[in-house]
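Starting off with a structure, shown below.
Each chain gets a letter, A, B, C and D, in the order it is written, and its residues are counted from 1.
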Amino acid sequence: MSAPSSSGWTVETRTRAATGFAFFAVVLIALAFAAPLFVSRSLLQDLFLILTMLVLAQNWNLLAGYAGLVSVGQQAFVGFGAYAMFACVSLGGLDPMLAILIAGMAAALLSVATGFFVFRLQGAYFAIGTWVVAEVVRLVLAQWRALGGGTGTSLPNAATRDMAAVQWIAEAFSVRASQAADILTYWLALLLCCATIGFIYWLLRTRQGLGLSAVRDNQEAARSVGVDARRIKWAVYVCVAFVTGMAGALIYVQKARISPDAAFSVIDWTAYVIFIVVIGGIGTLEGPIIGVIVFFVLQKSLADFGSWYLLVLGLIGIAVMLFAPRGLWGLFSDRTGIQFFPVRRILKGGPSIDHQGTRGGPHG
Amino acid sequence: MQPVLDISAVNKRFGALTVADGVTFSLAPGEALGIIGPNGAGKSTLFNLITGNLRVDGGRIVFEGSDVTNAPPMQRCLMGIGRTFQIPQPFAKLTVFENLLVAGAFGSRAREAEVAARCGDILVQTGLIGRANVPAGQLSLLERKRLELARALATAPRVLLLDEIAGGLTEGECTALVGTIRDIHRSGMSIIWIEHVLHALNSVVERLLVLDFGKVIGMGRPDDIMASKEVREIYLGLDI
Amino acid sequence: MNALLETRGLTARYGDFQALFGVDMQLDAGETVAIIGANGAGKTTLMRSIAGVLVNGPDEVAFDGQPIGALPAAQVMARGIAMVPEGRKLFPSLSVEENLLMGCFGRKVEGPWRLETVYGLFPVLKERRNNPGTALSGGQQQMVAIGRALMSNPRVLLCDEISLGLAPVVIRDIYAAFPQIRAAGASLVIVEQDIGQALKVADRVYCMMEGRVTLSGRPAELSREDIHAAYFGVHA
Amino acid sequence: MIWVDTIVQGVLLGGLYALFAAGLSLVFGVMRLVNLAHGDLIVLGAFLILVIVSALGLNPFLAALVAMPVMFCLGWGLQYVVLNRTLGDDILPPLLVTFGLSIVIQNALLEGFSADSRRISVGGLEAASVSLGPIAVGVMPLLTFLSAVAVIVALNALFYRTALGRAFRATSDDPVTAGLMGVDPKRLFATATGIAMIVVTIAALYLGTRSNIDPTIGPARLIYAFEAVIIGGLGSFWGTLAGGVIIGVAQTMGAAINPEWQILAGHVAFLLVLLLRPRGLFPRAND
């Protein structure tokens, strides 16, 4: 081919805002890990809630915003993970930390089995299909007498106190074991949250992530350039189930009490999560972070108004979907061009790129 | 020499409508073949049969000696059949460069870093280098057509199928694009090109194939074909 | 005298893609105008702009002296412009007769065209009135599409590519109905790739290339060479 | 004999599920929209009937007649103002907006009526039964089933015998070409949703008279309705009735084996159909 020399091209994904943010993020994460030193126990529990909701939101966002699989049945994996953890701890006598990992794998296995059904459905039918699957899993687990059947059960008191690190934390911070358990679950939530965001960010920057974005934009064209759309979607579905299952297990290690209705609640584990993602901005990593903050502020300020809280959340969700479908982060990013998690591959250098110049900036 | 592509007796029907009727032709390595014919003659359908987006009802499609008649589209892409869409289908939220990167990384089973430089070169070659980092959704029609071409090239094809890539462009735009395609052809690429803008087509291809009602009704040198009575009748309905 | 239907500087875009660049065209009452040109020349876009499928500036299309460029399809149709769309576009869930009845949806219209007169024009449709539209041959489907548009008794009938994919003998049968349609009072705009056919039926011809009118006039005034040049952009 | 009784009760229960599903089926058939708030709209309808009964002292059947035009207008407005904006190639907006609507309706009802269970009383009819051969069936279940059949017959007649139904089918095939025929798709869609809401009102009447209702039971009704629609095959009203009956029979048979298996058995029947006949039992030919 009479192409010019192929030397001198470089590909960059870094932006100045992102570099600044990365520095800020490192400080923030360090602060967050140190938080048990200087915040109250109730605030720590709030932070735990925020972090776990953020994990669920990032996962749903990957599923719906990137892979186009709009599920309203993610509570299946939260609940299944939670029950798997309970089974390991209460019946198997395992350490809860290990049980969380097993719970993730159990949820991933469940997703393989259920994916076989729901992948036969398209679009809206996929959505309700996932919901039916979640109901089936709930009803089946409600039959499990050893774990309390329909009314549920509690973790043995000793289980969380005997976790490997609890004793150490209790001594180091000179707190009681129950509080040490809170600190440990908080750290685990923080770890899971960072790992999830890190994993998704890493995924989006790999070849597979690029393929996923292409499938999202135009499935037909993606197939014609050799992307296996079906396989990518399956992989995302199973990965998301794995992390969602671990998040569910972790949430219930902290709650220490489980019942089928709570563990498979469509409101708690899917509706909230969807509103967080939609309000923040679907299809971006920043969106769910913004969304979870809005969600939490709303929850705190409307705490005394009962069902008004959900009513307002629902109305905001509808309004955002109709009038700002790219969410709050989308509004901000469109105006400023700022991205904290750049995944855009920017081509630089080469024989003629400087000569012709580049136009346009980074866009989300 | 073994042909790049060998189509023999390919048939396809949609209900009562025959869109490919015993289509037979072959493409030599490095050859550029033009396909013309009225709207609805079955030209785009023929491409979809070659790329595997549609299944043939009968006949054989052989690519570089291997029978691909029943291979899925993805596999044919990996083997080296690259195509452009008549209506451009960019990945709108990805940049122009990323559009190529997807095609390069998946279409030739390579790592991103390995194909990045090649994608850069293709952007230079197709005149899109100045728009490399712009989301594809913001491109003009000409640029979208160029992107179709560039993205197909990024899959490292052995044969390139161009579907009305010059349609809807102004005279000047068309001339520039034809120049690019001529360069690609001169570099040794085998090409099949469907086009209504005949002067563009005829300045590149060595052979023309005329399709009407799914049938091949003429094949030969462009000048001969354009002068033939059948073509003028079909295109113009004129009695000459 | 004003034209019955007129476009003035009509432009149209699909997103970033400009399909028409200032098209001027007119149709007088009782006339048949043919629009010819290669695929992608903008003929169908012109039809869709007139019919209101694409919305334009209000003054870019005038009907009976009234601006209609910004009206949606349903209202354009109510004023008396009906379209036979490219590709026939029969409703697959509806029978032949139901397809015809859709043509006058939601209103009582006075005029020569009713079910009986459409069946009189295309007798074969009466035999197949209860078949699904899609079970018919291409030519019969085209008759349904034309009959469906006639059911609203339009003053202007837009026919987009009615010979597309049809055998010459079928095309001849369909065009045989046109004198009757004209006699019943409709003016016609016909989009046609078959230039010979277009020149035969039209009072005036517009040739389009790349979104612009490149040639217009009465068939007798146009030489074959001019048409060839306007059509392909090259001289044969 | 016990099994025959179980199956008959299941068929009659299926009538209720078919009523839940008919409105969903209609809206999907016309505009390919899946309304995740459908179950909550049924519950809303039941509360509306309840309010009319207690405010005007009407018989529940008359109250439902009064509620119908109100629900029609609500559906018309909802479609015209909100849901029409969500239609398009992207599947996210309709899903998320109707999901939001579901949450809004549930919580608005909670705010207005609290979480207490209520019931619409039909007096002596509740306990009345008639003998069908050796089997005694309740008058209300029988009435429910007959109403379901009547609704399906009426929807079929509307769809296949009237100009409006013709326009529904044509617009469902191709809204752009229907526009060329003088149809305004937005108003037509609003009318379809309005009619679906009349069916919803009938479903609400029987939901409220046959079981306790509270503001949170909508989503479960949506799931039954959805299962009935999928089992029957998209776009077929008789299929929807058959789907409802299959869910109903599966539930009563499951309950006969173990009372806790009632709901589960219905879902399992649905998953089995999905596995064996992914397009449902009576799919429309041209989908």
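Before moving on, here are some points about what is shown:
Just so we're on the same page, a contact is a pair of C-beta atoms (placed from the backbone, for glycine too) under 8 Å apart; a residue touches a chain by one contact, two chains touch by 3 or more.
The structure presented is a predicted model; accordingly, all values stated were derived computationally and were not measured.
The chains that touch both subunit A and subunit D are none; no such chain exists. Across the two interfaces under comparison, C-D and A-B, the one joined by more C-beta contacts turns out to be A-B.
Comparing the centres of all chains, each the average of its CA atoms, the largest separation from subunit A belongs to C. With centres defined as mean CA coordinates, subunit C is found 54 Å away from subunit A. The geometric centre of subunit B is 50 Å away from that of subunit D, both derived from CA atoms.
Averaged C-alpha coordinates give centres for subunit A and subunit B that are 42 Å from one another.
Under the contact definition stated at the top, not a single residue of subunit D touches 2 or more other chains. In subunit C, the residues that touch at least two other chains are 134. Annotation for subunit A: no residues touch 2 or more other chains. Listed by label, the pairs of touching chains are A-B, A-D, B-C, C-D.
Against subunit D, the residues of subunit A that register as touching in their complex are 64, 68, 70, 72, 117, 120-121, 123-125, 127-129, 131-133, 135-136, 139-140, 142-143, 150, 266-267, 271, 274-275, 278, 282, 306-311, 313-315, 317-318, 321-322, 325. Taken together, the subunit B residues at the contact with subunit C in this complex read 15-17, 38-40, 138-141, 144, 164, 167-171, 196-199, 202, 213, 226-227, 232, 235-240.
Partner subunit B is touched in their complex by these residues of subunit A: 1-4, 6-7, 9, 11, 206-207, 210-211, 213-214, 216-218, 220-228, 344-347, 350-353, 356-360, 362-363.
Those residues of subunit C whose C-beta lies close enough to touch subunit B in the complex are 16-19, 38-40, 134, 137-138, 161, 164-165, 167, 193-198, 210-211, 224, 227-228, 231-234, 236. Residues of subunit B touching subunit A in their complex: 51, 53, 73-74, 77-78, 83, 85, 89-95, 97-99, 101-103, 105-109, 111-113, 116-125, 129-135, 138, 151, 154-155, 183-184, 186-188.
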